[in-house]
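A quick write-up on the structure given underneath.
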Amino acid sequence: MLTGASVKNIDMSVQVGALTLQNPVMPASGTFAEGLARVFDLNDLGAFVTKTITHEKRQGNALPRVAETAEGMLNSIGIPSKGLDAFLADVLPFYAPLCPPLIVSISAPTADGFARLARDVSLPGVAAIEANISCPNLEADGRAFAVSPETTAQVVAKLRYATSLPLWVKLSPNTTDIAAVARAAESEGADAVVVANTILGMAIDTETFKPRLGNVMGGLSGAAVKPIILRMTYQVARAVKIPVIGCGGIGNAEDAVEYLLAGAAAVQVGTATFLHPAVMPEIIAGLRDFCARRGFARLSDLSGALREPAEVAVGENAA
Amino acid sequence: MTIVQPRKAIFPRPVAEQALAVLANDPVNDDYKHLVLQAGQPFTQAQPGQFFHLLCPSGDGLAAPYFRRPMSCYRADPQAGRLEFLYKLAGRGTRALGGLHAGDSLNVLGPLGKGFRLHPDWRHILVLGRGVGLATLAPLAEAACASGMRITAILSARRHDLVMSAERFAAAGADVLPVHDDDGSSAPENLHQILEGLVQAGNAPDAVFSCGSNRLLRLLQDYGRRHGIPGQVAVEQQMACGLGMCFCCVRPFGDAAAPEHRRVCWDGPVFDMQETHEC
Amino acid sequence: MLTGASVKNIDMSVQVGALTLQNPVMPASGTFAEGLARVFDLNDLGAFVTKTITHEKRQGNALPRVAETAEGMLNSIGIPSKGLDAFLADVLPFYAPLCPPLIVSISAPTADGFARLARDVSLPGVAAIEANISCPNLEADGRAFAVSPETTAQVVAKLRYATSLPLWVKLSPNTTDIAAVARAAESEGADAVVVANTILGMAIDTETFKPRLGNVMGGLSGAAVKPIILRMTYQVARAVKIPVIGCGGIGNAEDAVEYLLAGAAAVQVGTATFLHPAVMPEIIAGLRDFCARRGFARLSDLSGALREPAEVAVGENAA
Amino acid sequence: MTIVQPRKAIFPRPVAEQALAVLANDPVNDDYKHLVLQAGQPFTQAQPGQFFHLLCPSGDGLAAPYFRRPMSCYRADPQAGRLEFLYKLAGRGTRALGGLHAGDSLNVLGPLGKGFRLHPDWRHILVLGRGVGLATLAPLAEAACASGMRITAILSARRHDLVMSAERFAAAGADVLPVHDDDGSSAPENLHQILEGLVQAGNAPDAVFSCGSNRLLRLLQDYGRRHGIPGQVAVEQQMACGLGMCFCCVRPFGDAAAPEHRRVCWDGPVFDMQETHEC
């Protein structure tokens, strides 16, 4: 046990498979870029996660690409990408002088495409690969890889073969049984799972009668989704042994603590950075204070420390 | 692996997020208000054409909007420690801004984006703006004046009494030409004549600047192309992050057949006029 | 086209299969009871929907049963039920003197249980049955009937056989492909589908380290879920020919218009009634004003009037 | 089928939701505030023990809480057109209430629930309350006084200076007995002696009333059982709807072996003391 005075001595590091992070807070893919360096010291972060890249050049989706909702946002940015070569030439060097490990998020329309891109980005300076398998699988009628355990297993198996870097698999919440999908990823050799990408949603402008997104549907993120993704994090953490990285609606240190208690080893922060660009270092500071106040010498002891009720009435409907 | 030890920051950090005190928030006319905040650095370092991202409060019984709202810097005064905005009451966010009173506070992020560039060789610039676009152009005129440039300012408005900021342009030493819809002087043909008149009088500007109107943009693009006059335009686009991270604010630029998508918040909001498709 | 003056003449009625409702607004199951009669004239509603009933007596879940979230709430009320006999003796007579049609929501742990209850409540005074198939299916390892097209088809087929009343099937959003589930319900004879029940979620008290619900997980509802359920309503409306009833986060007339534009024939209002008990009559008045302002002589013309973008970039990831 | 024609309403509608003007919101001590609203009917028809459901504003930079907050009616004055609450600054909602100022408005729903019942035969009642429970009991004392009953009021608090509303009980003609923690007079043994003393003096109450403390409830349950004195208690429970619709506010009542779940908002918040398990 700790006294409040020892706030400086708290061990904030967490272990995500073979990687040790100096703290559990990192950006979510697609919600981070070099611009943040103008606001705070990027070396404070636990890790970096790039916007998802693809092999080929892509424009991204039709405008408008974002819409506000109740305590959340919809996006249909798509994956505008300058392609692999531009990534290697322009983006990778930016991170070279920085300390936190760099996680490169990748996507492809086929399992083989995923494998090829994973191989091609397995380079010095890249600490891990995050496979964003929420993208449409061209070999399965355009359904996302991540919606079924079978297609997840297929793509993860090929990825595992293609790279020896730590492999994180980012799951989709748009599925019936995310724990089953996580188990599939684990059994094919994923080193960690990220829970989760955005939840498919929609909004309509009642003046114009048009969808608020040019792409009609898009992904919901932000505070509104936290209860849903937190539940999935809890379910996945109980289903797998590999580390779980929680991601959905985290906007302050308390939110991050909820994810840790539910079983996450680390967390990613997305939308909140759009509203408060310095929110990640604030969350790191808040986690340190929380540990000090509650007497945790090691932050990682919070992971999975949820106190479950002794007896929960079973066989009951949630609603 | 061992724990990574943070090293010293290697980037400058010219952008801040902070709650600033409201000094005044007075109506300019029925549609526009003028907001004055107490601000220190880096806020008052804002350059003409740069913008801030404002976290609007809740208002009218509605919850606060989720996204910030981008707003051009109308004046940044490091001496007085003030940051000012001129804004139109449009939708939920700006209406909520309208409800602020002296003593309230407003969370401000910035300064953001790339502003206007003034080439040291230029001796005479022309600014052509309308409506709230004048808020963006006024600081440019003052900066040009400080660099010893001559300024011609054509200020367009619906009615005589709606021309905003004319006194600021005049104080910057600009030749102010107000044009209005009610007497037809703001019509494209008339503006065309005024612009051509400058060339004919040997008084052609070295560069032209505009903001916020497609009609004026097209007029100036044509003018610039015909007379080889460079130009810059500040464009608007819906924004989420304001820091180049989300790619929601892209617009097509350059070659019309194969345009390139650029981020308004990061690559702009000021762009080369000839590369801009519309604004 | 209409002038603003004719607001009184707008035809607010909607057709849900064989049933004509005087307007499209009704309560969501479990968020309505006799208590509302103290606040407004219940005869103003389009229909009544009862709290889900079961054959046997049930206590409901452990406390706490509700928790606040960002623009939403979690509930794990469960289905406290006094049983069928008490329902017939106490609840049914309350609605007898009222005009709007009464929809009785039912639940059971097996398909046969559903069928038996449907038969037993097919009584005079009951206008339709809403089958809440989000409850755990004891014959499928406790997974909800509504998460798969197969189990949905099984239970709907038995229900269809058991009653000649209009049969509404209330779907669960906790599934990968709700349109497929809706098609299964349609093909087995459902007269309408309700989209949807609550989304499974969770919240943790960071002071006590305990879940905020006694039942650990519970259903998320309220404004936060609107973008998700609206998207599902849109997907289902495009997949089936039977009427779709939208339900999720509706709190004002604009929200209701969004659901109608997305293809709903009628809407249910739940959580918003807890915050503003008179919200349903306000929504009805707001819909009338909206039709008048936008020149719709018949409210039902709004259904499915979404204007889709001419061309939507395809093959792109939502996030 | 044809369109259903609405008929006349067949139920009375004694509950309303309305934004009421704040007349005052002053601190009572460090932890408690007293809120006075301007109100008409049906708000001022509230009976002792009934409650209102308050839509708390946003405060401290936090969004407004999603649920309403239940609050006992501290005073409902139809003549003056006022509705009053006495509340403790507890969490997010009540702290936001604490930020209201005269001139603001507050959305109020009510009156709700079933209040205290006074049997016309009773001549003498005893109320025993502590902390904010006194807010609930004060209107009861006044109603009993108006019905010509004698009132003994034992008011418990941590310190002498923290006893709230003593003057209201006194004004209602109550025999006021303040008891405190700092001199030990609020200890169960002492309260027991006071209560037994009433019986011994032939001054036993016809009914006893309490609110908000399990310890006091158990004391009175025991007292009532031994002397055959009926009692009522107002209990608290987290609420969402406040109108009997959601079943989140249930508590066990009656037979300890096979308790029955009742809704605090609808069947209560006042219950028969002997049927109440804890509060």
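By written order: A, B, C and D. Residues from 1 in each chain.
One rule holds for everything that comes next: a contact is a pair of C-beta atoms (placed from the backbone, for glycine too) under 8 Å apart; a residue touches a chain by one contact, two chains touch by 3 or more.
Not measured: the values here are computed from a predicted model.
Looking at chain B and chain D, not one chain touches each of them. Centre-to-centre spacing of chain A and chain D amounts to 48 Å, using the average Cα coordinate of each chain.
Per-chain Cα centroids separate chain A from chain C by 32 Å.
Inter-chain spacing, taken between the CA centroids of chain A and chain B, is 36 Å. Along chain B, residues 63 each make contact with two or more other chains. Touching of two or more other chains is recorded for residues 30, 59-60, 69-72, 75, 77 of chain C. Taken as a graph of touching chains, this assembly is arranged as a ring, one closed cycle with exactly two partners per chain. Applying the touch criterion to all chain pairs gives A-B, A-C, B-D, C-D.
Within the complex formed with chain C, the chain A residues making contact are 30, 52, 58-62, 69-72, 74-79, 107, 109, 132, 134-136, 138, 142, 144, 147-148, 174-177, 197-204, 206, 208-211, 214-221, 223-228, 230-231, 234, 249, 254, 257-258, 261-262, 290, 305-309, 311-313, 315-319.
The touching residues of chain D, counted against chain C in their complex, run 1-17, 55, 63, 65-68, 109, 238, 240-248, 250, 261, 266. Remark: chain A residues 13, 18-22, 30-44, 51, 59-60, 63-66, 68-73, 75, 77, 80, 97-101, 222, 273-278 touch chain B in the complex.
Every residue of chain D that touches chain B in the complex is listed here, in rising order: 58, 63-64.
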